[in-house]
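Below is the structure I would like to discuss, written out as structure tokens.
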Amino acid sequence: MSDSLRPSAINSQQGPAALWGALPDSMQSVALRLAALAILCLLLSLASEAFFTTSNILNVLRQAALLFLLASGLTLVILTAGLDLSVGANVALSACLAATLIKGTGSIAIGVVAGLSSGLLIGIANGLLITWVRIPPFIATYGMLWILHGITYWFMKGETIHGFPPAFRAIGSGYWLGIPVPVYLMGVFLLIGLVFAQRTRWGQEIYAVGANPEAARLSGVPVKSRLVLVYAVSGAMAGLASLIFLARLNSAEGDIGESLTLPAIAAVLIGGTSLFGGVGSMLGTLIGALILTLVLNGMNLLAINANWQPVVTGVIVVLAVFFDNLTRKGDKR
Amino acid sequence: MAEPLLNLSAGADTWLRRVRTSGSSSGALMTLIGLCVVFSWITDTFLTSANLVNIATQSTVLLLIALPMTLIIMTEGLDLSIGAVLTVTNVVLAMVAVQTGGVWWALLAALSVGAVFGLVNGSLVARLGIPPFVATLGTLGVAQGLALVLTDGQSVVGIPESVQYFYSGTLAGVPLPLWIAALTYLVFHGVLYHTRFGAYIFALGGNREALSLAGVRTQVYWIAVYIVGGVMAGLAALVLTARISSGHPTAALGMEFDAIAAVALGGTSFEKGKGWLLGTLLGVLAVGVMRNGLNQVGVNSAVQVSAIGFLVIFALMIDAYRGRRA
Amino acid sequence: MKMKTWIYSAMAVVVSCGSASSFAQSGERVAVFTKNQTNPFFQAFRLGADSAAKQMNAQVIHYVPTKPDSIPEQMSQVEDVIVKKPNAIVFTPVDYKALVPAVSKMNAAKIPVVNATDRSESGNFVAFVGASDYKLGLETGNTLVRALNGKGNLVIIEGVKGTLTNSDRVRGFNDAIKQAPGIKILASQPGNYQRLQALQVMENLLQSHPQLDGVLAANDAMASGAIEALEGANRKALVIGINGTKEAVDAIKAGKLLATGDYNGFLQGCIAMMTAIRDLRKLPIQKEVIFPAMVIDKSNYQPFDTPVESRSCPKWEDAIKS
Amino acid sequence: MQNTSLPLSTSPLEETPLLELRGISKHFTGVQALDDVSIQLYAGEVHMLLGENGAGKSTLMKILCGAYRADAGDFYWQGKPVRIEGPADAQRLGIAVIFQEFTLVPHLSVAQNIFLGREPRGRFPGTVNHGEMRRRAQEIMGQLGMSLDPDTEVAQLGVAQQQLVEIAKAMSQHARILVLDEPTASLSDNETEKLFRMIGQLKQQGVAMVYISHRMAEVFSMGDRITVLRDGKWVGSRMPGDSDPDQLVSLMVGRKVDMTYAREHCKAPGEVALRLQGVTARTGIHDIHLEVRAGEIVGLAGLVGSGRTEVARSIFGADPIESGRVEILGRLQSGGPIMARRLGAALIPESRKSQGLALIRSVSENLVLASLARLFPRGWFVPARQSQESLQLIERLRIATTGPQQLVQFLSGGNQQKVVIGKWLSAQSSLFIFDEPTRGIDVGAKAEIFALIDGLVKKGAAVLMISSELSEIVHVCDRTYVMREGRIAGHLNREQMSEEAILTLGMHHG
């Protein structure tokens, strides 16, 4: 097609293909994932009658809520082609800090503020290490993971802190109008995340930084402060998730967040956010978290030996990204 | 442990020049020297030959998986599954060793299981174009699950003496694992700097398009790099099984991150095919010295955990600082 | 140049502040190996060892793997410590089979070793100090069977598959249930001794088993995980744990937990350390110290209610009597 | 570029061409890249290949070297039919291509790069005989008059040296046919001299060369035969003797385009929009003094590597400066790109793809990238406002796109450059710094870009334009500075400006 300057004919496909073609990339990947989620629910409800009961659905939603809160912060980080391996350790430290303060001062507010701010500070530290000291995100957050674990172990000395006031425990295991509280939080932060990513200037700048950081910098976008912002949000969300964990488990110990980091990253990847940056959505991450939790819940209900769970999780992550490569139009990075 | 300076056909000057050019980032070298000086100053038992041999032997397993990890990272790739593959090959090797009473069939089984995982990783990345982080995160899960399924959580015992010999045995006074590690390093050094495959690894990371235009079947070599990763996990399983004289479903989980940290510590960068094998060796030793030193001094174990994090970030800071200045 | 000297000083500070604490006492040096830094049982064990050492003014150094329950790491720690030749070692193997080579290294280095908690499969030891997991499983199982007066459905939440403590405790549970035909085991799933995993396993079990009367958890952490799940789904069931941790005692006080097997980490720490020191000083010791399987419940939890830090080791004589 | 020392040789006309392509066609999804193209390559002859971007030149090259397979058409080697379906076939016949993006591996040595894929066997299977490889590399480089140490890492070489390594690599394959894609695009004058001398030597050795260029001077000084492609079709072949630049351009563009872009020059420049006083930076520029007033297009000419891009980056704050002052619209620029934009400066960078655009994002997202703060001051992003702003710009700049949602990576070079300019229009900048605005853009689109720039200046904006095309500087700019080795070598006002004057100021003396 010659490089003539005449505006070429508007997209000529007719019918549904045009409709599908017209959908921007991110909407297509979300639609595909919703379909996969629906099929999964159908299969599970056929396979085990205990699946499609309200109590199980609420149970799945609550488990997915915790995973989503952690993964939502991570989504922004991965959008900038970065990574945060320290979220699990962040949850551990923030939870123990909050637990100690709630027990010590007896006031829930102080504990909650402590948990959130510790998460935020850890996130900011990650951001500064990556932007000012210029250490690759993978290694910076890996180092931070060890430092945080060390601090938590030193701080907790192997103790566990248990038994918290019912008011605090409500945010983790409480019900309101029959629906677990964390599910509301999931809804609220899904909205905040969507609005922030799609409907604010900073969100657009984060997508641009992920797509081409040098072009963003040379367009006057403050790349460094956006990166610090992204890691700070990821840290803060880990702080929030730690509070809910604390409330739900009703006790804090050294390795509370240990097993959360990889599932959270998996949820983001299954949700369609690309590791190369610039592509992805918060809605996708929610669906990713739901798919991951549903599969594990289904396996438990069908009493499939727990040993198979890591195998299934691994296969799903690869399949999700493989289908993405197929559907994404010519975005061979 | 003096790094074997023997090199095959190339003149000594090219080797030294290569160290100067690609070895520009010496975060690992300075950290290693710093740690040794500090620990030998604080406790007299650190700088004893027994302890140094001790560190080297302990670091063997990590070195055996850090070497292939260097090659994979040089092709702008990553292998998160190598720790889990080492675990499943440890279990396989133990089970076969118990059945056959010998070591050779067991080693063969472990190497082939490792090769299969490597082939799967390579095909996912090279043929299906799935990002390495995602592909190997997938196989990490599969390998971890398989290890649990094979043993149903129980550890495999009754390992014949012939397997344990590979850790406890010595040859000419030097523990066997050290021979394995030194030999493997030499082979990797030869492969990377003196064979076509080595040049193609630099090319896979530096300019993949150029390699295919030169008429080379890039897919084959790209998959081969991941197969080397899998096979090395099988070999490392031999030393690991000999060391813990059993197969355990969670023996080496998480070791992949130690390997990646050691490689990064050693100055191999994540892009443009910039790699330095000696750096990885230094990185592995730095981690080993740190842990041993802190144990020697009896430092509170919580401080030990944080110290590893500081070590990684310190070394990278040195590189970033030198990188900016150089 | 500037950068290098700065690193050395930073390193020295980190290392020296950590080591200062262990040079304080004088006397024999005893190295204590425990499995991880997160399980309250081992924290109690370490405190017991410390208080015994202080009483007999010996010097304690603790070695705990940075990655919880990491076999190769504990192996490395043993090899590192042997070079320093401590006078005696109190050893809790991460895995009773995998750490046998480490024990043979200690024996080769002629260092007296006291085996605690998990009985190592082989290797010669000065003594073994621990409780009988099997008996504890049996006693706690019987307590639950009695409480359900012989009828009802229950679930078992196992610990880490493949560990000695887990297989003995679960065997004890099953033998207790065999004696009561009316009791039916609905499911037996692993929680890996972790609170969170036990919670998730319990939540899913509650979905698939509407009628559930009792829960046998292989340790207290998983028992409280199960309790949280029950409360989360506002369901009722009798829950039993093992280890006798402070948290379990509080739960019994609050009526949430039916009972817990007294594994008493603190006492095990004391006796193990005393045995090691007495052996060094050629004082009489007992080769096998097996704590009786004591079940703590609403009736007898008072003596166990004191926080672990403030407890101190009983004299050797009266400890042996109990 | 005046005539170089090489005599305009009319090569001996052999009857059977070394390689003949007949009826070559290649079809990509929705695009007929090549349609029934035939071309003859004679030994010892430089065959010039001209055509706009997208005319099929690079596709033809990729078919020649086996990177693409032709859908139809056949190849005749010295009259005998042969097949070229993969890189191995091309290599066997001795066809080598030197692309603009070099096919070199940064962290391998010169010798290893030259023999990539064809390393001499060592003692053991699979190993490489370094000594032999280094010796043969030295031998080849010697023939081509190069004095590089075969062990230095390619990453440490300059652009010109890397190109020479590419050519040595081609010659190591005993290339009988060499394809050069705009070889002098980033070469300094004496490096171009050296390249032309080497091409002369290769002609003596009977190597047939296909030379792709946008520079008319080169076409006539080096070419023995000229072929023009348009829209994937063959439109004509000429001998240099019986054709002239304008005729070739009209063949290329298919419509009469006035090559020289005439514009009436600024009579009354406004107040100072940009002033540099004694600016020195570690990037290699020393004591730069220059001024640009509103309503003016000021050129910044000079050879490759004379520091022009570095000056642009220092003005825009992309690189820190060590001493001196940069004033934008009267106010001191002391911050990074963020402050430069706020002061009203705009940078259209040298490489669009890596520094100017987010390729995987849509046209509208790219257009508002620099004006997000202006369009959405309170932070609340309104998609309608974004599409309204981008539709306006698409209209004004006549960007050929299926719609604001289309991903920028699917646009042609000219349209991508327009998006970058649109980005800064949306940011309402008043000082525009263009760095090689028309590189890799064909004649037709160039005129369009210059019209845009003229439009900016007519509305009172100030423009500093960096270009390596001397004809562009002379025709478009009101006045120009000329740089040499990181310093301002001289200033030429409207009357003094001519290609020769610029060249003499910019040439390295001694």
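To keep things simple, chains are lettered A, B, C and D as they appear, and every chain counts its residues starting from 1.
The criterion applied here is as follows: a contact is a pair of C-beta atoms (placed from the backbone, for glycine too) under 8 Å apart; a residue touches a chain by one contact, two chains touch by 3 or more.
Remember, it's a predicted structure, so these values are computed and weren't measured experimentally.
With centres defined by CA atoms alone, the chain at the far end from chain B is D.
One simple way to say how far apart two chains are is to compare their mean CA positions; for chain C and chain D this gives 71 Å.
If each chain is reduced to the centroid of its CA atoms, chain A and chain C end up 35 Å from each other.
If you average the Cα atoms of chain A and of chain D, the two centres end up 43 Å apart. None of the residues of chain D touches two or more other chains.
Annotation for chain B: residues 152-153, 300-305, 307-308, 310 touch two or more other chains. Within chain A, contacts with two or more other chains are made by residues 146, 149, 153, 157, 306. Pairwise, the chains that touch each other are A-B, A-C, A-D, B-C, B-D.
Every residue of chain A that touches chain B in the complex is listed here, in rising order: 85, 129, 133-136, 138-140, 142-155, 157, 262, 265-266, 269, 274-276, 305-315, 317-318, 321-322, 325, 332.
Residues 65, 67, 86-88, 91, 97, 101-109, 112, 116-119, 122-123, 126-131, 151, 153, 155-156 of chain D are the ones touching chain B in the complex.
Only residues 30-31, 52-55, 230-231, 316, 318, 336-338, 340-342, 347, 349, 354-362, 365, 368-370, 372-373, 376, 379-381, 398-403, 405, 407, 409-410, 412-415, 423, 427, 442, 444-445, 448 of chain D touch chain A when the two sit together in their complex. Those residues of chain C lying in contact with chain B across their complex are 3-4, 7-8, 10-12, 14-19, 21-22, 37, 61-67, 69-73, 75-77, 79-81, 83-84, 95, 97-101, 121, 160-162, 190.
On chain B, the positions that touch chain C within their shared complex are 30-31, 34-35, 37-39, 41-43, 45, 48, 50-51, 54, 57-58, 61, 151-155, 157, 164, 167-168, 240, 243-246, 248-252, 254, 291-305, 307-308, 310, 314, 318, 321.
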